[in-house]
Amino acid sequence: MTTVTWTADEIMTVTAARSLRDRMACFVGIGLPSTAANVARRTHAPGLWMIYESGTLGAVPDHLPLSIGDGILAETADTVVSVPEVFNYWLQPGRIDVGFLGAAQIDRYANINTTVIGDYDAPKVRLPGAGGAPEIAASCREVVVIMRQSTRAFVERVDFVTSVGHGAGPGDRERLGLTGAGPMRVITDLGVMEPHPETRELVLTGVHPGVDVAAVRAATGWDLAVSEDLALTPEPTTEELAVLRELTGSA
Amino acid sequence: MTTVTWTADEIMTVTAARSLRDRMACFVGIGLPSTAANVARRTHAPGLWMIYESGTLGAVPDHLPLSIGDGILAETADTVVSVPEVFNYWLQPGRIDVGFLGAAQIDRYANINTTVIGDYDAPKVRLPGAGGAPEIAASCREVVVIMRQSTRAFVERVDFVTSVGHGAGPGDRERLGLTGAGPMRVITDLGVMEPHPETRELVLTGVHPGVDVAAVRAATGWDLAVSEDLALTPEPTTEELAVLRELTGSA
Amino acid sequence: MIVPLDEAVRELVHDGDTVALEGFTHLIPVAAGHEIIRQGRRGLTLVRMTPDIVYDQLIGAGCAAKLVFSWGGNPGVGSLHRFRDAVTSSWPVPLEIEEHSHAGMANRYVAGASGLPFAVLRGYSGTDLVAHNPHIKSITCPFTGQELAAVPALNPDVTIVHAQRADTDGNVQLWGITGIQKEAALAAERVLVTVEEVVDTLDPVPGQVILPARVVTAVSPVPGGAAPSYAHGYYERDNDAYKAWDAIGRDRAAFTAWLEELAGEAPRTRPQPAGRAL
Amino acid sequence: MIVPLDEAVRELVHDGDTVALEGFTHLIPVAAGHEIIRQGRRGLTLVRMTPDIVYDQLIGAGCAAKLVFSWGGNPGVGSLHRFRDAVTSSWPVPLEIEEHSHAGMANRYVAGASGLPFAVLRGYSGTDLVAHNPHIKSITCPFTGQELAAVPALNPDVTIVHAQRADTDGNVQLWGITGIQKEAALAAERVLVTVEEVVDTLDPVPGQVILPARVVTAVSPVPGGAAPSYAHGYYERDNDAYKAWDAIGRDRAAFTAWLEELAGEAPRTRPQPAGRAL
C-alpha cells in the first residue's frame, strides 16, 4: 500500500472538482476554479460543459488556460460568442448549472467581496473589482466558492458586497430577485462549509483529513457553527492528484 | 438621334435611383426600392452601400434579389449580421442615410399605411403589415417613398398609420422623438412630391415628361399643392434603361 | 436527440402551444409545418416575423387560434389568401392577430433569449400599431428622461428552425442569412431543429451560427425540409412554388384539395424530392 | 483611411476625451496605448472592462483623470500597482473611478452601439456597487412589474481596438475571442483600429467579426501591436512580460525609468519585435 501525500491546496482543488457532476454547465473563473473544473472534466465529469466569460462555450482545453481569454479556449470550444451574448443569452436566463467563484473576503452569509478591503473611498487594499461575479452569483443555479481560509478572509461582514451570497439571511435572495440558489458550498484548504437550510448561515459540514474542527473555527472570523453530521473529506485519489499535477505542472 | 421610349414605371424607378448618391448607406426594401437601388449602384452610385433587413450589409448582387433574404445577398455582402443586429446596431442609431419604402396608402403628410384598408378590426383589405417600415421611417436620415399614384393610394388621411411621415404637420416628428428627417421625396409613375419646408405637406415638385399637372392632381385624394418651381424629370438615359431592363429581365 | 420528424412533432408540439417557426426567407422549416398540419394540432398561437406560405397553410388548415407577426405575405408574389380569409371571414376558424414591427418582434425574441421580461427600442412612436396592440408600451429612460418603446419578451413553448447540419450529439450549425433563429431558439422552452443532414463533425463555416446541443430538444433529419425556401449551400429557392401557391391559396376548394393531398402523404418520405439541388 | 499610428492618435485622441481600448485578454491594443502615453495625452476618461497592464501604464503615466471599468488586474499575476497607487495615493495624479460588473459594462456598450440611452439587465441587485455608482439605477418592467437594473449607454469619443487584418478600404476583420470589440466600436464617435496587416481581400474566416469601413475612422498597420497579449493566428501571449510587469509597476522609480525608455522609442518601429510568432 502506497502512501499518498498531498497539499492543502490540492485537496481544496480536488474537493471543488468533485462538486461538479458530469454534463453540468459550469461558468468558470480563472485560477482555482478553472483548475478544479479542468480536473473534474479529466476525471469523473468528462461531459462537463465549461463556459468562460470571454465567450467560449464548451471549451476542452488540452492545458490549463492562462487567462479567461486564452486562445486554447477559442480553438477547442463548441462555439465562441461575444461578451454581451455570454452574459445576456447564457448566464442571465439561468442556463448555467454552477458558477465557480473565488473571493478575497466572504462572510457568515457567504456574501463575497472582491472590490476593496477597508473603506471604499479610502481603501486599505484595492482589489480587482466585480468582473463577472455579481451576475454569476445571482443567476447560476448554484454557486461554489473556492478560497483559502483565514480570519482575514472569513469575516463577520464583508467590507464591500461585490456579489450577494445569502444577504442577511432567509428570504433575502428572493426579495432581491436573484434567480439562482446562491453559494451552496464554500471549499477551502481546511474544509467545506454549506449554508444552513433555514438560517442560510454558513455551517462547517466537512473537514479535510488531518484538520481539526478547532483549527477551522480559529481561521474563521465569526463563531462558525459545526454540523452534527460532520463529514471527513475523502483523500484525493492517485488519479485525481496525477491529473491535477499534470495540469498545474507540479507533477 | 434615337428616340428613347420608356414606361411610367421605368421613369419612376430611374428617378428613384437618381435620389441615391454615391457611397450612401441605403436600407432597401424588396420590389421597386430594391430595383431602384440596384440601378443606382450600376450607374452613378457604384459605392452605394445596400442594407437589406435580412442582415446583409454591403451586398453587391449580380442579379435582382428575389426576396430580402435571397442567397445572393449573403454571398456578396461585406458581412451578414443577425436580424436583431441589423435593426439595433445599424438602423436604430441613425447610421443609414436613406430608407427606401413602398406603401399601399400615403397621405398629405406622407404618413404610410401598409397594414389595412378600412377598419382595423373589419378590414376591407388586409395588407402585409409593418415589417421593418416603422423604424426605417423613424431612424433613417431620410426616407424615399416609391409607389404608383392614384386616388386610392394618395389619400387625405391614411386608414392606418403604419409608419410615420410628417404626422399632422410641423414639429410632430420631433415631438414623437423620431430622429430621422422622414420622407423627403415621394416618387411615383407621374412625378415627384416633397414636403413643404414649413407646412410639411407634400407638394408636387416635379412631373415626368408628358405628364400634365392636372393629371397628377386628379390622381391625388387631396388638393395637391404645386411648386412654383416645378421641375420636369429628365428622361431616362439609354444607359439607365439598359441597366434597368437587364435587371428586370425586360431587355 | 436525433428523432424522426413525426415523432418529434408528436412529442414537442401540443394543442394550444405557442409555436414559432422561424427562418428569414432562408431555411424556413416548411416540412415541420406540414407535419403539424398532418397531426392536426389545434388552437396554436403561431409566432413568426414573416408568415408566408407555410403559415398560410397552417392557418388554412385550422391549426391556429392566434398569429403574432410583423409582416405577412407571399414574398415577391402577393397576399396570403388563407390568412386574409381567416382574418376577414373566420374561415376555417377565427384568427386573432397581434402585430408588431420587425424591430419589435426581433427585440421580443432578444428579451426572451436573455431571460428579461421586456425589451426597449426606439420604435412604434406615432404609429397606430400602439392603439391596436396592448403589448406595446412606453418606458422612460431613468438617466435622460427620454420616452422609448417597451415590448414584452417572447418565450415560445416550442421554436422550430431548419438548419443545414447537426452532429450526432445534437449541436446544430446554420449559415448564410441566419436571421432571428438563434434568439428564437434560445427564447423557447423546447427547440426542434430539422436539418439537411446529420454529420459526425461540424466543420466550421464562416458566418455560422451554432446552437449548442444543450439548448436543442430534438433534431430531425429532413433533407429538403426548407423547400420551397432555400438552404444556403444545399438548394435554391423554388420561386415557381411560391407563385403556384397563389392560385391554390386563393380558392377554398383548391386549398382543401391541397390539404387532402398533404394528409395522404407519408410524413417522412415527402420532403426528399423538394428543393432544387445546387 | 490607412494612416501611421502616431498620426492616427494625434488626430483622433484629444486631451479630456473618453477613450475605450478594448480586447478581452486577446487583441489588446497595447501599441496604441503606448502611443497615447508618448503623445502625452492628459485628462482622459479611460474605459475598459478589464484594465490590465497597458492601462496601468497609461494611469501611471498620468494620462487618465477617470477610469470606468469592471475588473482591474494583471491577469494570472496579481494587482495593478500603478492603478492602486493612483487610487490610494493620487500618484501621479488623482484617479476617479467608476466601477461596474462585466454584465453591466457589456450592456452599456450594447446600448451605446444601439443608439439607446440605457440598457436593462438582471444585475447589481443587493450589491454595494449600487451605492457607490450613480450610474446604476433600477427600472420597472411595464408588463410584469419586476424590478431590474438600468445602466446608461456608453458612447466613447474614441474606441481603439486591435485586429488581425484590414483591407485597403478599411474593412476590419478579427476572429478568435472577439469579446466586446464590435459593440465598443459601434458605440464610439471615432474608431481607430490597429492591425497586424493590411491585405487586398479579407478571406472569410469562421467566427470572424467584420467592422465595415464606414464605422472605422482610421486603420493603422502595427504588426505585433497587441503584444504582450496575443493575436489569434499570429502570435501567442507573452506571459513572461505580464510577470515582468509586476516588478516594474510595483515601484515608482522602476516605472519612471520604463516611461523614459518608452518616450525614447520611435513610435512606429517599436511594435515589430514584440509578440512570439506562431
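Every chain is named by a letter (A, B, C and D) in the order it is written, and numbering of its residues begins at 1.
In the analysis below, a residue touches a chain if its C-beta (ideal position, glycine included) is under 8 Å from a C-beta of that chain, and two chains touch if they have at least 3 such contacts.
Computed from a predicted model, the values in this text were never measured in an experiment.
Chains that count as touching both chain A and chain C, per the definition above, are D.
Looking at which of B-D and A-D shares more C-beta pairs in contact, the answer is the pair A-D. Between the CA-based centres of chain C and chain D the separation comes to 40 Å, rounded to the whole angstrom. Distance between chain centres (mean CA atoms), chain A to chain D: 28 Å. Computed centre separation for the pair chain A/chain B is 57 angstrom, with centres defined by C-alpha atoms.
Looking at chain A, residues 88, 92, 139, 179 sit in touch with two or more other chains. Counting partner chains per residue, chain C has residues 115-116, 121-122, 146, 148, 182-183, 207 touching two or more of them. Contact annotation for chain pairs lists A-C, A-D, B-C, B-D, C-D, with touch applied as defined.
Within the complex, the chain A residues that touch chain D are 30-31, 53-56, 66-71, 73-74, 80, 82-84, 87-88, 91-92, 115, 120, 122-123, 126-135, 138-139, 160-164, 167, 172-173, 176-179. Those residues of chain D that touch chain C in the shared complex are 115-122, 135, 137-139, 141-144, 146, 148, 150, 152, 204-208.
Contact residues of chain D toward chain A in the complex are 24-26, 49-50, 69-73, 75-76, 79, 83-84, 87-88, 99-103, 106-107, 109-110, 121-129, 132, 146-148, 176-180, 182-183, 207, 209, 230, 232, 236-237, 239.
Against chain B, the residues of chain D that register as touching in their complex are 113-116, 171, 182-183, 186, 210, 212, 214-215. The residues of chain B lying in touch with chain D in their complex are 25, 49, 57-58, 78-79, 88-89, 92-95, 139, 179.
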